[in-house]
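In the two complexes that follow, subunit A is the common piece, with subunit B as its partner first and subunit C second.
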Partner chain A sequence: MTWTPAGPSNYLISQSRLIKQGAEARVYLLSSLLPSPRVYWPSDSQASDQTSSSQTLSLPKHSDRPSPFVDEVAYNTNHLISALPSSNTSTNSSERSKHKQTSHDEGKATQEVILKYRFPKTYRHPILDASLTRSRLAAEARALTRCAKAGVNVPQVLWVDEKAGVLGLERIKGWSVREILGGGAEGELEGDEEEELGNGEEVSVSDQIGVAPESPSRTSTEGTSREGEDARMTGSRSTESTTGVTAMTESGAEWENEGAEALRKAGITIEGLMESIGRELGRLHALGTVHGDLTTSNMMVRLTPGRGEQYEVVLIDFGLSSGGTYAEHYAVDLYVLERAFLSTHPSSESLYAGVSDPSSFNSSPISTYQISPLLTITFRSD
Partner chain B sequence: MESYTMPNFPESMNTIHLALLRNVTNSPKIRRRLIEASKAMGEVGDKLREEVDFAFLEASMLVSRQHLLIAILNTLLSSLPSPDSSSPRTSTHNLHSELLLHLSPNNNITDSLRHHGLSDHTTSLLVVRLGSPGPSKEIWNKIEHVVRGQLVSLDELDRGEIADWHRVDKVYKLKELDTTLRKRGLDHGEVIEKKRGAIISSLAIKHIT
Partner chain C sequence: MDSHPIASGSKKKPSPLPKPTRKLLCLGIEGSANKFGAGIISHEPPRAGTMKKATVVTVLSNVRHTYITPAGEGFLPSDTARHHREWAVKVIKEAVRKAGVRMEDLDVIAFTKGPGMGGPLQVGALVARTLSLLHNIPLVGVNHCIGHIEMGRQITSSTNPIVLYVSGGNTQVIAYSQQRYRIFGETLDIAIGNCLDRFARVIGLPNDPSPGYNIEVEARRGKRLVVLPYGTKGMDITLAGILTSVEAYTKNKNYRPFPHQPRSQDIPQTNNTPNKPPLLPKMTPTTSTEVKDDPENFSNKFEITRQISKDIENTNQDIITPQDLCHSLQETTFAMLVEITERAMAHVGSKDVLIVGGVGCNLRLQEMMGIMTSERGGRVFSTDQSFCIDNGIMIAQAGLLAFRMGKVTKMENSGVTQRYVRSLVKTLLVYHFRNIPLSILKLLSHLTS
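And now, the complex of A and B:
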């Protein structure tokens, strides 16, 4: 039984590739929200003093998907190329190509998009289901926007189809922290599909280390988010005890996957990465937002060559996020992350210490009040 | 000039025509024409309105091609006609003014016209036509009759020469973000990228806020 969304999103999903099946949502990768444009240049435009060498640069990039509109296009391609505009002296064109190298998201018309489809749940009453789906989708989109406006690194929101339950997000080109740390037995296999934004992360965590999926605990997140977090903790705890796989050695950590390799080449250390994660979480929490599902696969590392630290940590999957009212909410967030670290990356205790090092949180006001509830919660769980 | 036809929207609203014009010299005249067309009655009025049936956007308020496209897509998505009708469901007069409203951070139609619409001082103009499929040439001929300016590639939006960031920051309330990012030591290009992202995200969720 496969559900498909109604309306415009249906077509988008049919054009995309399923990359993750979760209990709450399915995640798809789409090459572009829009088809390639037809480009028209009037031959008698004032802007016709072009040189032929640089014209191709102005042509929009084409997606590999064949355009369904070819038959409508009556314009001769040669004509288009010869009538391309304007202002392209050779200096201009070299300037432009330089620009292309530095700005990694040029050609935005064909930007890749992650579609997160919250399909109808048959175990719920349809009316309740529709209302829950809508409110969660809206909450996720709003949380992402709030973060973006405050300077927390999150994917851009591009498409919000509330009726169909489809959210379109920027695809982060990079690797999840989980991949980089070599977490999970199937780490390599999952490889380029880690950009997942699905909610069923704990299911896949359990899959990877070979214990029964936690679908009951996922179902219990239907309740309050607090309940969800509790369920989450139980899940992490039970999986932790059965972990036996590790791709990492003590502190040195073997850099054996593509992401880790790229980071090493850029001169980034694991310790530095952990501090960056801590900083990013600090920014998120300073904003009064709790992520709700902090795991190493919900953090992406994107290289930004030639800029700042050469990379940035991007937080993804805000499906379980909420506002944090009490210090304890933030502490639970960190506790979940600690558990996720321990279960996905055994022998990583020293790494998590890097994340939660109060110095990482320097920039945020939480450093003072957060640490003590965290200790309490850790104590309570043992 | 660029045209997109999207198979996933109803035919009455599945085509986007975009033309970016620089060095526009007759903005006050276009604006007068728009006002006249909106006041005229009867058949004459219909004809006048048909001639200027475009969204005339102040291009200096557009920070990237993506900014424009995401605003358009989400405008169309939120104006989908109800099952028993074929005309778009909009809170303003038509899809074009709806796009202006969607670009605006609040729900005030006058504000949206003032910030994102054509003004007497506009020199960079983005002309948008939303509607049913048709040859770009015809659309261009209509635009040519209204606007005196130089047609350039939409890539110019991404090159960052057109956007008036001072005004953009003010309208989209990005000063705080700007300060935060600069304090963090990000260079100018990075700050611009992040601000573009923040604008796009807030536009995309406009219809659910």
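And now, the complex of A and C:
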């Protein structure tokens, strides 16, 4: 079943590519919010860029200059953009694009846009669904704007269509922390389970109360096991004993993915990364904002060579964010993160310790009171 | 560990669970909440002459008796324990008789070790210990949650589902990830069943056959959706605020309570009655919430009739009925449950959902979950009341699996525990599903505790 929003957002989505089918929303990648103009504005900076044909106008540079050569659609969209309520679009983006021009070659070429479409959930009551979608989208856009203003690393807001449920955001070029840590095997597990079919147990319910099983033969996980499990277990036994994480950083073979490889080249340690996450969260919380869905998938790492820090942690997906009124709200936020850490990256306790290390929060006023309710909540849950 | 030297094993290994060499019988005794249940299950080696190599699992009997309190009241641990003491022997006798076996034939007795209410748990454990000593049968203590999951998996033949465990005491999303079962999301305060039960008490719905069922029936007639807080925190949910705010609606001036207490006869009987032992001498439906004082009641009734006639005239009125509240409560809380389940599915990459626990037999929840899973190309598995609601057979199933793995609870360790530590649950699950060396298990439990 495919849902499409109405209005101009529909057009944008039709131009973009579906990259992720999430539980909450469908995420599309649009190469640029503006259509490629047929004629380029003749300017000095453009001369060197003529090499790349896929180039489009960079939004902040040209938004205030009416261009006679840009075609009609682009011009109209330009107006839409400038009318957006998010103030960071104009103020922050200019800085960011400046920084991008110095750091990335591709940064100035196109601004790729992530379109986040909250499609209607048919299982929900329509009224409930509509109100949830509207409030979550608005809250997300507001939180992002607020964070951007205060200097927390978040994607820019480029497009807000509350009615259609579409939010356009800057695309962060980098890797999620989850990818870097190599957590959460997805397809792999399913593939394994499929092979266990046909070796299970059969159930027959002789008693009258019993509901007949849906199929006569059943497959059971406990009935079978994979070959090599013992080998894996013995293999992991050695790493287990050396407290997982450090083993991961020490043995080069464990750096399997591209993101981790890039970080390693830049001389960034996992511990350093964890501290950066903690600092970023501290900045977010100091702002009075609670993320609401802190997982390792919702943190991106972007390399920023040429600046003081070699990289920055960018927080994404503010769909469940809210203002925190009590210390407990922040603590729940951290608790959710801890749970996410432990469930997707087993034996990552020492990692999480880096995140919640009070020293990471030193810059913020929450350093003292935040930790104690966190402990209480963690304790309460057991 | 994050990395697996052998990521996707292609060759099969013999099952870690030994195949039964003969027919194994297990009696399961469950009494963690207001139901006392006993069931007998058998695991047999495959019959000779058939092509199938699978173990034959047969439910021989599944008997349960529920302690039903008057409308507006919950069940107290001491009273529930009294009920269990009264019914334990009758229920077990009935289970043994139905199964057509003798006590001496049993290979193992499984009982609920926890989590649950202390008093009622004690009764089950005491009965199990006595039977064990009388007939010289080994004991196995079973975690209640594992019982639910094991039975759900057995009945629905689902291989690798996300398990939504929703009952009066538990609300958890359990998923299989990286060779282990993990709790991905759960309630941060009260359980979903607790929320529904307490709301049923507030609006005066009877506890017969169960408050949740009565809410479900009433909700079908609800039309309006009142605004309730929607509390999802990442993969967790919070329900206490919803209960408070739905209670607040009953004090709203537009709220019209039930003109009379719905009688239990009005409610269609459930279909799993034939195997129930004869019911307790029926408790007289209480009138405590119905009538307060005569004059007040009179004026109240008068007020209602006047109001209703006024409402009929005025079509765009703004009244809130108990049915509307039931409807809104179900829609909101179930949407939250489905949402966190969907999150876990997206997170783990699993397609199937298995709903277990008492609230799991709610058809609206099953329907909503079905819509969600079908959109994701998966399926939803659910069982009916005989397996969803606490029962003895699930304890028998989990107990027999543990027994086949060589696990026996010694007499001195057969105490009960009201709170089963979560990490212990995980470890036990691992133990059930994967034959992992004990040294690793100890290490894992140490890491997660």
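As a working rule, the second predicted complex is superposed on the first by the 238 of 382 C-alpha atoms of A that agree within 3 Å, B and C clash if a C-alpha of one lies under 4 Å from a C-alpha of the other, contacts with A are read in each partner's own complex, and residues count from 1 in each chain.
Note that a residue touches a chain if its C-beta (ideal position, glycine included) is under 8 Å from a C-beta of that chain, and two chains touch if they have at least 3 such contacts.
Small disclaimer: the values here were computed from a predicted structure and weren't measured.
S.K.: Scan A:179 for contacts with subunit B and subunit C and give back first, second, both or neither.
M.R.: In the superposed model, A:179 contacts neither subunit B nor subunit C.
S.K.: Would you check which partner chain A:275 touches, where first means subunit B only, second means subunit C only, and both and neither mean what they say?
M.R.: Touch partners of A:275: none, neither subunit B nor subunit C.
S.K.: Of subunit B and subunit C, which one contacts the greater number of residues in subunit A?
M.R.: C
S.K.: May I ask you to decide whether A:160 touches subunit B, subunit C, both, or neither, giving the answer as first, second, both or neither?
M.R.: Only subunit B is touched by A:160; subunit C is not.
S.K.: With the touch criterion stated at the top, can you tell me which subunit A residues are shared between the subunit B interface and the subunit C interface?
M.R.: In subunit A, no position sits in both the subunit B and subunit C interfaces.
S.K.: Quick check: in the complex, which residue numbers of subunit C touch subunit A?
M.R.: 1-17, 43, 46, 52-62, 98, 153-157, 159-160, 176-180, 182-184, 186, 188, 225, 227, 230, 232-236, 272, 274-275, 331-332, 335, 338-339, 342-343, 345-351, 367-369, 371-372, 375, 381, 383-384, 386-387, 401, 419, 421-423, 432-437, 439-440, 443, 447-448
S.K.: Spell out the part of subunit B that touches subunit A in their complex, as residue ranges.
M.R.: 1-9, 18, 64-66, 69-70, 73-74, 76-77, 80, 133, 135-137, 140, 144, 150-153, 155, 158-159, 174, 177, 180-181, 184-187, 189-190, 193-194, 197-198, 200-202, 204-205, 207-209
S.K.: How about subunit A: which of its residues touch subunit B in the complex?
M.R.: Going through subunit A, the ones touching subunit B are 7-12, 33-35, 37-42, 45-47, 58, 60, 68-69, 72, 74-75, 84-87, 96, 99, 102-103, 105-106, 108-109, 111, 137-138, 141-142, 144-145, 148-151, 156-162, 168, 170, 304, 307-308.
S.K.: Show me the residue ranges of subunit A that touch subunit C in the complex, using the header's touch definition.
M.R.: Listed in rising order, the residues are 1, 22-24, 121-125, 127-128, 131-132, 181-193, 195-197, 199-211, 213-215, 217-229, 231-233, 235-237, 239-241, 244, 248, 254, 256, 292-295, 297, 320, 332, 336, 339-340, 342-347, 349, 381-382.
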